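Shared between the two complexes below is chain A, which pairs with chain B and chain C, respectively.
The block that comes next holds the complex of A and B.
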C-alpha cells in the first residue's frame, strides 16, 4: 500500500464586501427593512484594511496564528502585511468579479465596460493570468442596468449605478435562480483561485492531477437533483487540470476532512497518483453575524470568501504522511455529548496507535476567528474546543488541572478563519501544518472537523472525522 | 435561540402550562446563556422567532449552575456534563442566567 502524503496546500481569500448584501442573513434583513442596506454599506472596510488584518495574513500563511499578536486585530494593520503570502493571496473585489464572470460559461454575468476593463487589466498583471485568460472578459461586457430591469440581480453597485449583474439560469427552476447561481459561481471562482495558487506555488503540472474532490458547501444542481454537485470537476476545468475527473464530498462543515481521507485512500490503494481536494468560499455566510458587528461599532468583518486547496499524492520522502491507520470517526452509536464526540475524534484514534492527547503538537479544529463570532454571542469556538481537549487530558491524568491554560496555548491556537464553516474546520490550517511538519519543529498534527447534520432535518445526528499528519521520516 | 426551538418551547407551554415547566439551558457562553434566558422569560430580544414580544416568564436554569448540579446524581452528572463543566466558564454563565431570573422577578 502506497503511503499517502500531503504534497501541497494553498489558501485564498476574496475580499468581496459588495457581495455581503447577497449573504443569507443580510439579504433576509434587507428584505425586511431596506434601510439595513445603507447601514451595512456604511460599515464595510476597504481592501487595505482587509489585507492588513492579522487573521487574514494568517490565512494566507504570512504569519502563524499563534504569532498574530494581541486582540483586537480589526482596528490595526499588521506590519508588512501584503496581498500575496506564502500560501496564496487576498484578492480584491474588482478582480474577483472578473474571476466570477470567467467562471460563468453561460453568460449570465454581465459587467459594465468599465468594470470589465479594470478587472481584465488587473488580472492580466496577476501571477495566475495564464490560468484564467482574462482577455475572455470582453465577452462578459453588457448593460447590467438593463439586465436588472429585466429581472437579473445586481452583483456590483457603485456610486454611479449597477456595474455588474447576474441573470437567472432558468425562469422556473428555483435551483437556478440568480442568487443561487451567485453562490455557486463565487464558490467555483474562489475554489479555482486556491487550486491555481496551489499549482503555481508548488510548480505542479495541472495535467498531473488525476482527480479533484470538491468539499465546498454549495450543492449545485437543478430541480430534479438539487444536490447534483461536482464543483470538483468544474474547478478542475477552470484551473486547467485537463486530465482530472472529480466528484464532491458533502458533510456540512466537516466535508474537507473526509474528502482528504478519501483522497489519501485513493492514493494508498493505487487508484490515482495525485488527488486534489478543493473547497471554494461560501457566499451565503458573508455578513452572517453583521448585526453583532454593527451593535459593537465594528466594521463588518465577514466580508471575505475563504478557499483552500490541498494535494495528496504518493510518498515523496519529505511531505507529511497522512496516517490512515488512525482515522477518528463519529459513529452512529457514539452519542451526541461533547465528550462523546471528542472521544470518537481524538481519544479513539490515538489509542489505536498507542498515542496520547499530549503526543500531538498542534490540534487544528474549528478555527473560527472569535472577532467574528463573539460580538453576536457565539463565543470563542476554538478556545472552547481546546479547553475541552485540555479537560480531557486532565481526566486522563496526562496534565494537572493547573496546566489547562498552558496546554491550550501550546497545543491550540487562536482562531483566524472567516466563518466559512468548512474552511474554518481545520482545512485552513493545512498549509501551516505542512510547513510545521517539514521546515518547522512539529512531529504530529491532528486535523478534525465536525458537521451539524441535524440542520438538514434528515437525522438528529452530528458527524465528525479526524486524521493525523506526521513528519515524514523518509 | 433559533425559531424552531422557540416554537418547541411555546408548544410545550401550551400543552403543559408554564407552571409545570422548567427550561434547562446548555448554552456554552455567558452571552448565549443571557440571550436564551431572556428569550424564555421576557421574550426574544432579537425579534426573530415566535417568542418575540411574548412574555412566557418561565423558570430558567443552566445545567452548569451549582443548584442544578446539587440536584443530580454526582456520577451521572460527571459522566454527562463533567467535561463541559471543566471546559466552560460556569460561574460567568450562572451569573448571566441568575441576572435574567432577577430581571424577571423585579418586574
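The block that comes next holds the complex of A and C.
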C-alpha cells in the first residue's frame, strides 16, 4: 500500500464587503428593514484594513496563529502584512467579481464596461493570470442596471449605480435562482483561486492532478436533484486540471477532513497518484454575525470568503504522512456529549497506535476567529474545544489540573479563520501544519472537524472525523 | 427544582449538546418537551 502524503496546501481569501448584503443573515434583515443596508454599508472596512488584519495574515501563512499578537486585532494593522503570503493571497473585490464572471459559463453575470475593464486590467497583472484568461471578461460586459430591472440581482453597487448583476439560470427552478447561483459561483471562483495558488506556489503541473474532491458547503443542482451536482470538477476545469475528474464530499463543516481521508485512501490504494481536495468560500456566511459587530461599534469583520486547497499524493520522502491507521470517527453509537465526541475523535485513534493526547504537537480543531463570534454572544469556539481536550488529558492523568492553561497554549492556538464553516474546521491550518512538519519542529499534528448534521433535520446526530499528519522520516 | 416541570433543552455543539443535558435531567422527574442542539458557527 502506497504511503499517502500531504504534498502541498494553499489558502486564499476574497475580500468582498459588497457581497455581504447577499449573505443569509444580512439579506433576511435587510428584507425586514431596508435601513439595515445603509448601516451595514457604513460599517464596512477597506481592503487595506483587511490585508493588515492579523488573522487574515495567519490565514495566508504570513504569521503563525500563535504569533498574531494580543487582541483586539481589528483596530490595528499588522506590520508587514501584504496581499500575497506564503500560502496564497487576499484578493480585492474588484478582481474577485471578475473571477466570478470568468467562472460563469452561462453568461448570467453582467459587468459594467468600467468594472469589467478595471477587473481585467488587475487580473492581467495577477501572478495567476495564465490560469484565468482575464481577456475573456470582455464577454461579460453588459448593462447591469437593465438586467436588474428585468429581475437579476445586483452583484455590485457603487455610488453611481449598479455595476454588476446576476440573472437566474431558470425562472421556475428554485435551485437555479440568482442568489443560489451567486453562492455557487462565489464558491467555485474562490475554490479555483486556492487551487491555482497551490499549483503555482508548489510548481505543480495542473495536468498531473488525477482527481479533485470538492468539500465546499454549497449545494449545486437542479429541481430534480437538489445538491446533486459537484464543484470538484468545475473547479478542476477552471484551474486547468485537464486530466482530472472530480466529485464532492458533503458533511456540513466537517467535509474537508473526510475528503482528505478519502483522497489519501485513493492514493494508498493506487487508484490515483495525485488527488486535490478543495473547499471554496461560503457566501451565505458573510455578515452572519454582523449585528454583534454593529452593536459593539466594530467594523463588520465577516467580509471575506475563505478557500483552501490541498494536494495528496504518493510518498515523496519529505511531505507529511497521513496516518490511515489512526482515523478518528464519530460513530452512531458514540454519544453526543463534548466528551464523547472528543473520545471518538482523539482518544480512540491515538489508542490504536499507542499514542497519548500529549504525543500530538498541535491540534487543529474549530478555528473560528473569536473576534467574529464573541460580539454576537457565540463565545470563543476554539478555546472551548481546547479546554475540553485539556480536561481529557487531566482525566487520563497526563497533565495536572493546574497545567490546563499551559496545555491549551502549547497544543492549541487562537482562532484565526473567518466564520466560513468547513474552512474554519481545521482545514485552514493545513498549510501551517505542512510547514511545521517539514521546516518546523513538529512531529505530529492532528486535524479534527465536527459537522452539525442535526441542522439538516434528517438525524439528531452530529458527525466528526480526525486524522494525524506525521513528519516524514524518509 | 425540576420535578413536575416541562423543560425545553437547548444545547450547543461546541459546548454541551442537548441529549447530554436531557440525560442529566432524567433523574429529576421533569418532562423534556423539546430538545434542540444549535451550532453557533
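Heads up, the rule we're going with is that the second predicted complex is superposed on the first by the 474 of 474 C-alpha atoms of A that agree within 3 Å, B and C clash if a C-alpha of one lies under 4 Å from a C-alpha of the other, contacts with A are read in each partner's own complex, and residues count from 1 in each chain.
Definition applied: a residue touches a chain if its C-beta (ideal position, glycine included) is under 8 Å from a C-beta of that chain, and two chains touch if they have at least 3 such contacts.
As the structure is a prediction and not an experimental result, all values here were calculated from the model.
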| item | value |
| --- | --- |
| Partner chain(s) touched by A:352 [first = chain B, second = chain C, both, neither] | neither |
| Which of chain B and chain C A:174 touches, first, second, both or neither | neither |
| Which superposed partner A:392 touches (first chain B, second chain C, both, neither) | first |
| Touched partner set for A:75, first chain B, second chain C, both or neither | neither |
| Chain B versus chain C as contact partner of A:105, first or second or both or neither | neither |
| Contacts of A:342 with chain B and chain C, given as first, second, both or neither | first |
| Contacts of A:384 with chain B and chain C, given as first, second, both or neither | both |
| Partner chain in contact with A:225 - chain B first, chain C second, else both or neither | neither |
| Those residues of chain A which chain B touches in one complex and chain C touches in the other | 337-338, 378-379, 384 |
| Chain C - residues contacting chain A, complex | 13-20, 37, 39-41 |
| Chain B-touching residues of chain A, taken from the complex the two chains share | 291, 337-339, 342, 374, 377-380, 384, 387-388, 390-392, 394-395, 401, 404 |
| Chain B residues within the chain A interface of the complex | 28-29, 31-32, 34-35, 46, 80, 82-84, 86-88 |
| Residue numbers on chain A that touch chain C, as the complex places them | 253, 335-338, 366, 368, 373, 378-379, 381, 384-385, 419, 421, 424, 450, 452, 454-455, 460, 462 |
